[in-house]
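Quick heads-up: structures coming right below.
Here come two complexes built around subunit A, the first alongside subunit B, the second alongside subunit C.
Take a look at the complex of A and B:
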């Protein structure tokens, strides 16, 4: 697929997403013109783009949709649920057509084509043909109104140029005859009507017989352009007052011309001159007038814009100025939008980030050598450099950050469709849509989220009768929330449904042998069972969920992103899934510690403080941190590192998910930037280790999985560790 | 037949313009400089239109136009001057001196004849 087609497909998908969002919006506020326009624009953009990439089947389909939207926009047809449903289906169909285009097939398959035709047929019969579904009498028959106006204009309108001319007094003395202009004018067209104006003629006593006091109002039928007509008056135009206004029919032509201008940034005057509505000479006069008023303008009275001046000087009609201003704004907006966004291939970004990773490692190497050399100047130079590298790293990573809102928005549609299918009334509340996270994470989080959302609608939120019986509002509520929390992003999917059925889960788990019979579990442990493979409590398998495939996949997907998912539930009040993900997958600020002969890296944003291990802590697993109980874990114990324990041990206090713990290490080696290298397949199930990195010295250091360590530190005494691992 | 009086110090221009004018059916009077031309005007030559260059040795075109305008028979006669694109400033000066309009050199036969048609009574 060539580049332009790729861009078109990407753009169109965005437009479709926007259109879909707007269509859903429309259900809530029918008749909102901004929304209607937005929808129309999306369809229009797609059609236009499809034309450029010569994808006829998209053009053909979108054209009809656009027609319908145009009527909708103009109030000729009214918004109703059916129409929105059809338009949503059309949006889906365009998406499918984009798939076809993307796959390189020359035309959609027969069944898809048939689907499309059926949709168009529905649109055509339901809304496009004739009066369509005029919903009520609130909209007057706008169509007939419009036609009356357009034809009615012709009653008095002679489709003529209007030339208004007042000669300067010196015309005769300069050897010019006013009549000769009129005579010459007839070589360009026909003078339909002429009115001689003698209002400037003074009383006989004051009259200079050699001066010219005449003026003409001329209706002139001609196919010549404005500049040609103006040229006739070239010799007198400095002394006379001249207004040439185009005929009515020309007006539409000019407006069309203005609209068709290429999207270059242009001044208002330039636009009008370019289409011939204004001549350069007229523009010069207007600009001079503007400069004059600008010079005279004080702070309170700003100089009027050129458009106003031109209209006042009667050289252009206000309609044309308006059209030009609109054009100007469009171009400006487009330019601004272009300036705001650059499209680049994702793999180029990835390559950049890889390189930045290498740069970070190389920088660490230089730092190390500089520190060893003991040269103060060198150390200083490298510290400046490493600061820059850090900024480059952050900016590079920032490039890949996208807002999660776009992902969230997809769920508006999902919630609408699924809840309709199930006959439930559910409202989706989204917050924190502006929260940013790495694009690679966003791409992978969509599926798990989809699963959680569908689950919440299907299992979580009860049918309306059950809700009413429980004294809850009939309308169910599903909320999606995202926020940042100490170096991770937290995404919550919460419903206000019945909550997880603790007994049922426990019973099923026993039946399946997931838990030994007679074992007592905490609520949390029971709830976590739903993430076990093949676990389902649904009595019947629905279209949406209940097949027992899902939650374990959700969990696995999230874990593969170095994230974790937790579930919390209150019977009768609802269920909340909390997904915690690292902000980025590539590079982190690390804190290097030593235990034995090896180095370990703790993600810096999880480090709260460092302190010396008080000697009295001894072999207990808790210490008193300013009155707070802090469980700790020795890396030496955990990884069974042999060798002499140092006299002085240090505690790194880490915090994740609101929980604090201490990690006891031999040495604190300071912070540095770390490129995360994933662990090999073999080490996938290793606990407490999240990855590896290469130090400046070339040595490998392991990156600690702080969340797992905290968990271990806090739950070390509990026997059923199998359920706690995560 | 209308008569056009042509003044230019360039023989080439005199010839080329007078050829065009003759072919178009005008009578042509010529003078290679303003002073010679002025003498003919003072002598009361019968002319319907004057076309003069501006930049000429001896008396320049602007002075010449002023002098011609002073002569009663020619007070309302159309006067065109020959100019080039680069001489925009001269236009106003010439207009103030009493010229009716201008012809930008080099002009095609059509342009020339059209302009004449415009100002000719």
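Take a look at the complex of A and C:
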């Protein structure tokens, strides 16, 4: 796939996302002209782009969609749920067509094509045929796009676009060659006739060979639309004068064009005749009319701008002019944005992160050697270096950070579709969309989130009648929230539905033998049972959820991201799933501690403070931290480390998910940047260990899974702590 | 094609007629035109021509006309021929163009 196609696909997907968002908005506020325009523009841009890359099947499909949108925008057809649904389906179909284009196939497969035709049929039957006032073309655009409403007489007999181009003197110096633009123009259609004008070129002595003096009058046959033609000249837009007349423009437009151009009217007229834009007879009529109007208009101050004239005469579709204005603005904005953004391949970034990871390890090695050598200067130099390495690491990781908002926005559509299907009225509230997290995490969190959202809609939120009966607003509410919390990201999926049925879950768990009969469980423990494999309390199985596969998969997926998921529920008020994820999968700031002969790493974000273990703590599992009860756990006990106990032990106070605990270790070795190496499959069920890392000395240190340890410390005395396998 | 006319000069341009050479080539062309009555341009080895180079051809043609002289392109390289065609200036220039057999 060549570069322009790649860009087209990427940009079209962005346009589609925007279009989808706008369509959803349209449902809420039908008739909002801004939204309608935004939708139309998206479709229009995609069609234009498809024309540029010569992807006919997208052009053909989008054209009909665009027709419908145009009618919608002109108020000829009204917005209703059905139409929005069809249009959403159309947007999905365009997405599928983009896949086809991306995969390099020349045409969509038969079934996809059939789907597309069915959609177009629905549009055609339901909205396009008969109802519109205009009897214009809604056939696919083999012939013409720039449908200009005829205004009676004076229409110029030509099916071609007319393009007048005058390049600025500086274009060549800026490395842009008019020739390339014109050649590129031929990818949109056929240049029927081209006239080169060199009138602006001064005499030989004054002629600057590096300046451009050329202008062109082009008679251009194309099914592309005006925006697409204009786009060809985007890069030189500021540097050239561009006039485009759609096919079948009025004679007056040509006259206006002639007036707007710098050359002598008579000469221009001849050229227009030569390129075939006008016939001699038409020219004579036009020039005569022009003189007449000029005579009449002498008292008036200035001729109105071309755009105004065109709209006044209702010759050019108003949107043509409007689109041009919007386009210009967009182009400006886009140029600015492009200057600030570069697209690069994700694997290049990954390679960079890998290298930075190795650099961090190597840097740690150097630090260690420097510290051992005892050379003050060397130590100083390495500390400067490690600070720089740290900055590099941070910026490298920053490169991978993306906002979660895009992922959240996908759910607008899901919520709409699913709630429609179930006949529920549900609004989605998104907050914290600007929260950033690692790209790889974002990619992997989509599926679990989708599952939770669907579950919430299907099981969480009750049908409207039940809600009304319970005295709740009929419209259900689903909220997605993201925020940062001590080095991890917290994502919440909350609904205001009926909450989890504690009794039912407990009963089911007993039936399945997950819990020994007669055990009393805390609410929390009961709710967490839903993450057990094969657990479903749904009475009826829908095609959305309830089959009992899912929540355990959700949990596993999240765990594979080194995160965890918790559920909290209030009967009658709703359910809240909280997902905690590490910000990044690759590198963390660690705090190195020693127990026995081995080193362990505690993620620094979770360390609150360090203190010496008070001798009176003895064998108890709690100590008094400034009046607070702090459970602690000994690494020596936990990992059954033998050997001499040191005289003094230290406590690292850690905090995660609002809970505090102490980890008792032999020595504190200080901060340490570390690259996480995941543990192999063999060690998957190890508790309390989250991964491993390589120290500067080449030794392996284990990374502690602080949340698991805290849990262990806090629940050690509870007999059924085993249920809370983390 | 040898010319008997005394004032006839043949100039072969071998470099690319692009903006990078435009300044130097303008000088060469205008000087050559001043030094003779009839200028024959051999562009058969021009490997590349852009708008800047093409403008020079227009300039030479126009200067020649203004001074009552002749400037003819007697040999086109394929790119030159294609460009002149693209800009639709073949008729304006009025030079015979040799169309290779396989294309004709």
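Following the convention adopted for this analysis, the second predicted complex is superposed on the first by the 492 of 726 C-alpha atoms of A that agree within 3 Å, B and C clash if a C-alpha of one lies under 4 Å from a C-alpha of the other, contacts with A are read in each partner's own complex, and residues count from 1 in each chain.
Going forward, contacts are C-beta pairs under 8 Å (C-beta built on N, C-alpha and C of every residue); 3 or more make two chains touch, one makes a residue touch a chain.
Just so we're clear, the structure is a prediction, and the values are computed from it rather than from any experiment.
Student: Of the two partners subunit B and subunit C, which one touches more residues belonging to subunit A?
Tutor: So, of the two partners, C touches more residues of subunit A.
Student: After the superposition on A, what does A:653 contact: first (subunit B), second (subunit C), both or neither?
Tutor: Neither partner.
Student: Answer with first, second, both or neither: which of subunit B and subunit C does A:195 touch in the superposed model?
Tutor: A:195 sits against subunit C, while subunit B stays out of touch.
Student: According to the stated criteria, A:178 is in contact with first (subunit B), second (subunit C), both, or neither; which is it?
Tutor: Only subunit C is touched by A:178; subunit B is not.
Student: Figure out whether A:209 sits in contact with subunit B (first) or subunit C (second), or with both, or with neither.
Tutor: second
Student: Tell me the contact category for A:588 with respect to subunit B and subunit C: first, second, both or neither.
Tutor: neither
Student: Can A:457 be said to touch subunit B (first), subunit C (second), both, or neither?
Tutor: A:457: touches no partner chain.
Student: Applying the document's definition of touch, where does A:235 land relative to subunit B and subunit C: first, second, both, or neither?
Tutor: A:235 sits against subunit B, while subunit C stays out of touch.
Student: If you lay the two complexes on top of each other, which residues of subunit A touch subunit B in one and subunit C in the other?
Tutor: Correct list for subunit A: 172-173, 177, 210.
Student: Once bound in the complex, which stretches of subunit A touch subunit C?
Tutor: Subunit A residues touching subunit C: 172-173, 177-179, 182-183, 193-196, 198, 201, 203-204, 207, 209-210, 212-214.
Student: Using the touch rule from the top, collect the residues of subunit B that touch subunit A in their complex.
Tutor: 69, 75-79, 92, 95, 98-102, 117-121
Student: What does subunit C use to touch subunit A in their complex?
Tutor: Checking each residue of subunit C against subunit A gives 19, 22-23, 25-26, 30, 50-52, 54-56, 58-59, 62-63, 66, 83, 86-89, 92.
Student: With touch defined as at the start, can you tell me which subunit A residues reach subunit B in the complex?
Tutor: 172-177, 180-181, 184, 187, 210, 232, 234-235, 238-239
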